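In what follows, structures are represented as structure tokens.
In what follows, chain A forms one complex with chain B and a second complex with chain C.
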Partner chain A sequence: MTIPADIENTPPRRQAWWRALMRDPSAAVSMIVLALFVLGAVLAPLIAPHDPFEGTRSVMQPPVWAERGDWTYILGTDGQGRDILSRLLYGTRLTLLIGLLSVGIGGFIGSFLGLLSAFYPRLSPFVMRFADVMLSFPAILLGLALVAIFGPGALPVIIALSIATVPDSARIARSIALSVMQQEYIEAGRAIGLSDTAVFTRYLVRNSISAIMIFMSLRFGQIILIGAALSFLGLGARPPAAELGMMASQGRDFILFAPHIAFIPSLTIFIIVLAANITGDALRDVLDPRMRS
Partner chain B sequence: MIDTAVRRLLQSIPVLIGVLILGFLLIQLSPGDPARVFAGAMAPPEVVEQIREQMGLDRPMLVQFWAYLERVLQGDLGRSFISNKTVASELGAAIVPTLELMFACLVWSIPLGIAMGTLGAVWRGSFLDRAIMAFSVAGVSLPIFFICLLLIQLLGVKWQLFPFIGRGGPLWTLEGLRHIALPALSLGLIFIGPVARMTRSSVLEVLKLDHVRTARSKGLKERRVIIKHALRNALLPVITLVGLQAGYLLGGAVVTETIFSYPGIGRLSVGAILSADYPLAQGCILVLALAFIIINMIVDMLYALLDPRVQGK
Partner chain C sequence: MKHPSKSPGRLLLAGLVATLPLGGMAAAQEITIVREVDSNNYDPQKSVARAAAEGLFMMGDTLVSLEPDMQTVSDGLAHKWDVSEDGRTYTFHLKDGVTFCDGKEMTAEDVVYSIKRWVDPETKSPVAWRAGDVKDVVALDDKTVEYQLEEPFSELLYQLTQSFGTIVDKDNVEALGEDFGISGFNGTGPYCWESWTPRDKLVMTRHEGYDWGPSFYDNDGAPHMAKITWQVVPEENTRTVALLTGQSQVTQYIPAIAIDQMNQAPSVEVQRSDEAFWTYFMGFKINKESVSDPVARAAMNLAVNQEALAEDLMFGKVEPAYSYVSQGALDWNEDLDDDLLRYDPERAKKMLDEAGWKVGEDGVREKDGIKLQPTAYVFAGSTWQKVSEFVQAELLKVGIDLEIQAFDATVAWGKLATQEFDVFGMSFPYVSSGDALNLYFRSENMPTPNRMNWDDEETDMLLDKGKTALDDETRADAYGEVLKKVHEAAVWLPLYHEPMFITHTAEMEPVVPHNNYGAGLYKGLDLKFKE
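Let's turn to the complex of A and B:
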């Protein structure tokens, strides 16, 4: 059997969208920025110049570019004399972890439900009604309720944000999976006598997964913002841990004399979320040409 | 339209039940005696006894839940641990300030967002369009507390234009307006982005449609075509957006009220949760959820009212 020329010459799909993505300068820059932050977060214990939790006597040191700044504390110190750069690295770690876990857990459960309801259409109405009900419950409210029940902490926040991610991912996974189900290879798989489980895992999941992951990345920025807001309010991560929203909130008391303590972590969240949003938008444009502007 | 209202009402029942279960759990899980929780810290023992009997704490959970429902539906939400006032009166005092903040935020951000989105769509691809889109992406990426802190630092401390603590009085007084300026500005800034993006894509869709081409070929002025024929039809999705983004706005309000010490429901709930004031926290969550359901219902009904295609369904 000969392979038609046009199929042979088409690059694999993954490479095609990767290249299209890299052609967009803002998307490329955003992905590099994101990668740098992830790297800094992962390597925090190795590269942090000071202990992020231990206070010193040099309280409220300005960053190096300010008048009284020096190179010992590049980003200055906070109200307790802790090195802001070190805390920033650790804080990014926790902020990213809360976001990743929430999107990961919620996205996994939601996608599974969505895929299942596309595979067994009889399940569909139940899953979709369930998603409708859940969708009408805002994440922040769920967060407030769970924190009220279990007390402040990173765990209730992760649980709340995971639950809030389920309905969206279920809908998106279902719509992606429905179009995969139309493909001939699904029928072919059935025709050669594969079991439901095999068709589901080998054909449906594998062919839907990359599109689902991309939609999850769009969700990531919003989840990070809600998690940081809850920590800012004192409802999320607890001291002595460092978290970006919490750092901003601790800097609030010094906004008159040392605004950098609150502004540096806030700016960090902004850059991370902005990079995530631009990357997500670019990915969607590449994957879904109808929405390309 | 009545159909929509009824359907929406039925759809919100599971959510309401879920919220009530959460409220019930909050009271049940609170450390100590639920009867004491409901009676308030200062209540005399005989009142606590009476409430214990009323709540039927020795009876099965379901019966207790039913009793809880009956009380809540009668507006009895218990008493605050901290202030010993009834939760209903605390909530009542906080609702008006929050509604004022919402109004003061939406009244400028929605028109501005619509204007920006329309300009972007009309001059699609221009420098202005790109600037507007960059502004909206930045807007949805900004942590709300960052905006609040920046505005406090700049307009409050440096230029001393506006006060940044508390509420100055009702919205129609000068002090009220001066105090609400910074919170409303902060909250509005995160809302412009989504509105502008939605308006832009919606206007772009409508501009492609036949009736716009007809209007143009009739020789109508471009401005008239855009405003009367395109924008009018493009605004429908923007209305839905307000409903979809109600949760986003709610989260923003909770943070904004807390930072500006603005005495609304958001600040009340954060305070209640942080001080483990379970009855008050329960009341706040019930009210916030109810508000959310009502907003979505109003949006759906508005949509049905404005879009004749929905009515037939």
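Let's turn to the complex of A and C:
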């Protein structure tokens, strides 16, 4: 099979959307911010200035820009005398990990179910009713129940958030796949005698995947927020692990006297979620054919 | 640089003080007391919560009462009492003219009914043992009660000052049935039950004509306050702000972090008492592999810097504890003072090394395949979260990896009655060494409150000896012996003794902190606005 020359000469699609994305300044800034947080999280053990778990006797040190702040503890220390910057790096790590894993696992299972129910319409009522049942169950409640069974920790939170992601992604994937199923190439594929598996993977999955990914990127911010909320309630990370929601919760006791202990991790959650949402929005604008004018 | 003297938060507080409404409710003789938690009910014989005691001390009376020094037993419903020579018969002479809130006169029959209800197995009182080994309680006449014991009980009078011994009204108990102490309570106390909304507020009004309060109160008549509202405010900063803005007039639940600022604020005053006898500790379940070695337990005691805990985490507002009960408590064994385990991490490491606990590759010590990795169950909430994380960090420095699991108070008590954990975090009130020892170290109290599984015949024998002692010296000797035994075995890791701080607005007369069962306001007879 030879590729026609004029197609070969057009820039690849990926480059096109990347350029479009970078033309949107808010999207560009958001992506850089996200990239910095990811980098900080990945390199946490290398760049953290102090041990994030070891308490010192200088408790409640203000950050460097405040009066009496100093460069030893750039963002100050918490109620146990631990360096907030180091805990923030490690905390971002756990927060991002919880978000990524939950969206990844839940999104994979959900999308697969959604695509399957679009491909085999007979499955559809079962999958969709199941999704409806799941949707009526708040993620926080599910998290509470799982923590009651397994005890507090990152794992039950990831399981709860994954489960909470399944119904949404199943519905979205199904609606996307349904429109793809109407396309003529699906019919053409069947006409040339391709197996179900081949039509499913080569035509349906490949043509739905980008739209599903957009949904996932939007979901990511939400999941981080719920994960942080669960940790704030004391259900997520187990001490001495650092997690942004947990750090905010611990800082609550000091809010009248050393507000930075709660404020810094809260602000970090805010920035990460905002950046994730703007990036997701921008991705949708660029990738979704229906949004292109 | 430990305590920030200038921070945005402080400015916030200053702002709040500046906007303080003057006068408040002074004219109305009504106050709101904020507190952290509510009780599950207000049935004196059934609830062991401090929150229940707070309400019951005000709404009910006990035969005898306890002075703020936590040592002197004073009058209550009885103005006088005699103890027989064999220590088995107590005769209480009741005051005249005592009435319940519904106007009915209180008689010896009510006392008999209340004590019998306390010890009746049907009642399932978790604290029936506190009433002693009761043989019978009889009313000799309308105003005389004879309290007969099978065995002498040296602490009986102290125990009778507790809210569990509150005299209740039989008709009221029977009329309300299961709802007694939930939908109503008819007592003889200085205040009367008005309403209770669980986890929100308990409202009580002045008991008109009340004049039988304990003699150590200056106020020998009815309380000054016409109405008291106990408002539950779980969040500590909100309580602090409530005091500063005059939404609440009195509380003992101001976080340690805010005490200094409260002291400086012109609109509030802080009263402190060190005779609080409320101790925080972590206990070891001594038959669990990771904490079964007394050397390892002693090392854990040496590894934790209680002074830093008290100074940094509790802002110097608590006393670091090295003893299991306050060294000021009745029958404390002074011979132990010099041998208490104090912070010495180097010695801890050396002891562990010598005992064969070698540091493994992951930095955690182990011996014969057993890792020093105990699991601790603690209460969820800011205090234990802070304290247990501190202990965790300290132990990690000597190679002990404490795993913390925190549970909400609603499930924690159940979890703490199991055999699942190795270490548990707890705090408790006591009136004397004997009170604490009998509660925690009797073998019959396993699995709870003897969560350590301290099962020792000699201890039981000594505790019996102390409990039934007829003179102070025998009792002190027996309890002193038990104290020595348990301290030597390092079954606990004592953390700190919490003094009582009562914070009230400056419009109120100074309140004397009373410490009985940690209920700082006790009978509330001295709550009064300045004139």
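A few notes on this one:
The rule is simple: the second predicted complex is superposed on the first by the 267 of 293 C-alpha atoms of A that agree within 3 Å, B and C clash if a C-alpha of one lies under 4 Å from a C-alpha of the other, contacts with A are read in each partner's own complex, and residues count from 1 in each chain.
Here is the rule we go by: a residue touches a chain if its C-beta (ideal position, glycine included) is under 8 Å from a C-beta of that chain, and two chains touch if they have at least 3 such contacts.
Model, not experiment: these values are computed from the prediction.
Contacts of A:L204 after superposition: neither chain B nor chain C is touched. After overlaying the two complexes on the shared chain, residue contacts for A:G55 are found with chain C alone; chain B is out of touch. Considering which of chain B and chain C touches more of chain A, the answer is B.
In the superposed model, A:A145 lies in contact with chain B only, and not with chain C. By the touch criterion defined above, A:F254 reaches chain C but does not reach chain B.
Of the two partner chains placed by superposition, only chain C is touched by A:E67; chain B is not. Contacts of A:D132 after superposition: chain B is touched, whereas chain C is not reached. Once the two complexes are laid over each other on the shared chain, residue contacts for A:G234 go to chain B and to chain C alike. In the superposition on chain A, the residues of chain A contacted by chain B and by chain C overlap at 148, 151-152, 234, 252, 255-256, 259. Partner chain C is touched in their complex by these residues of chain A: 53-55, 57-62, 66-68, 79-81, 148, 151-152, 234, 238-240, 250, 252-259.
Looking at the complex, you find that chain C touches chain A at residues 1-4, 6-10, 12-13, 235-237, 240-241, 255, 257-258, 261, 308, 311-313, 380, 382, 385-386, 388-390, 392-393, 396-397, 403-406, 411. Across the complex, chain A meets chain B through its residues 132-133, 136-141, 144-145, 147-149, 151-152, 221-222, 225-226, 228-229, 232-235, 245, 248-249, 252, 255-256, 259, 262-263, 266-267, 269-270, 273-274, 276-278, 281, 293. By the touch criterion stated above, chain B contacts chain A in their complex at residues 11-12, 14-15, 18-19, 22, 25-26, 29, 124, 137-138, 140-146, 149-150, 152-153, 157, 246-248, 250-251, 254-255, 258-259, 269-270, 272-274, 276, 278, 281-282, 284-285, 288-289, 292-293, 296.
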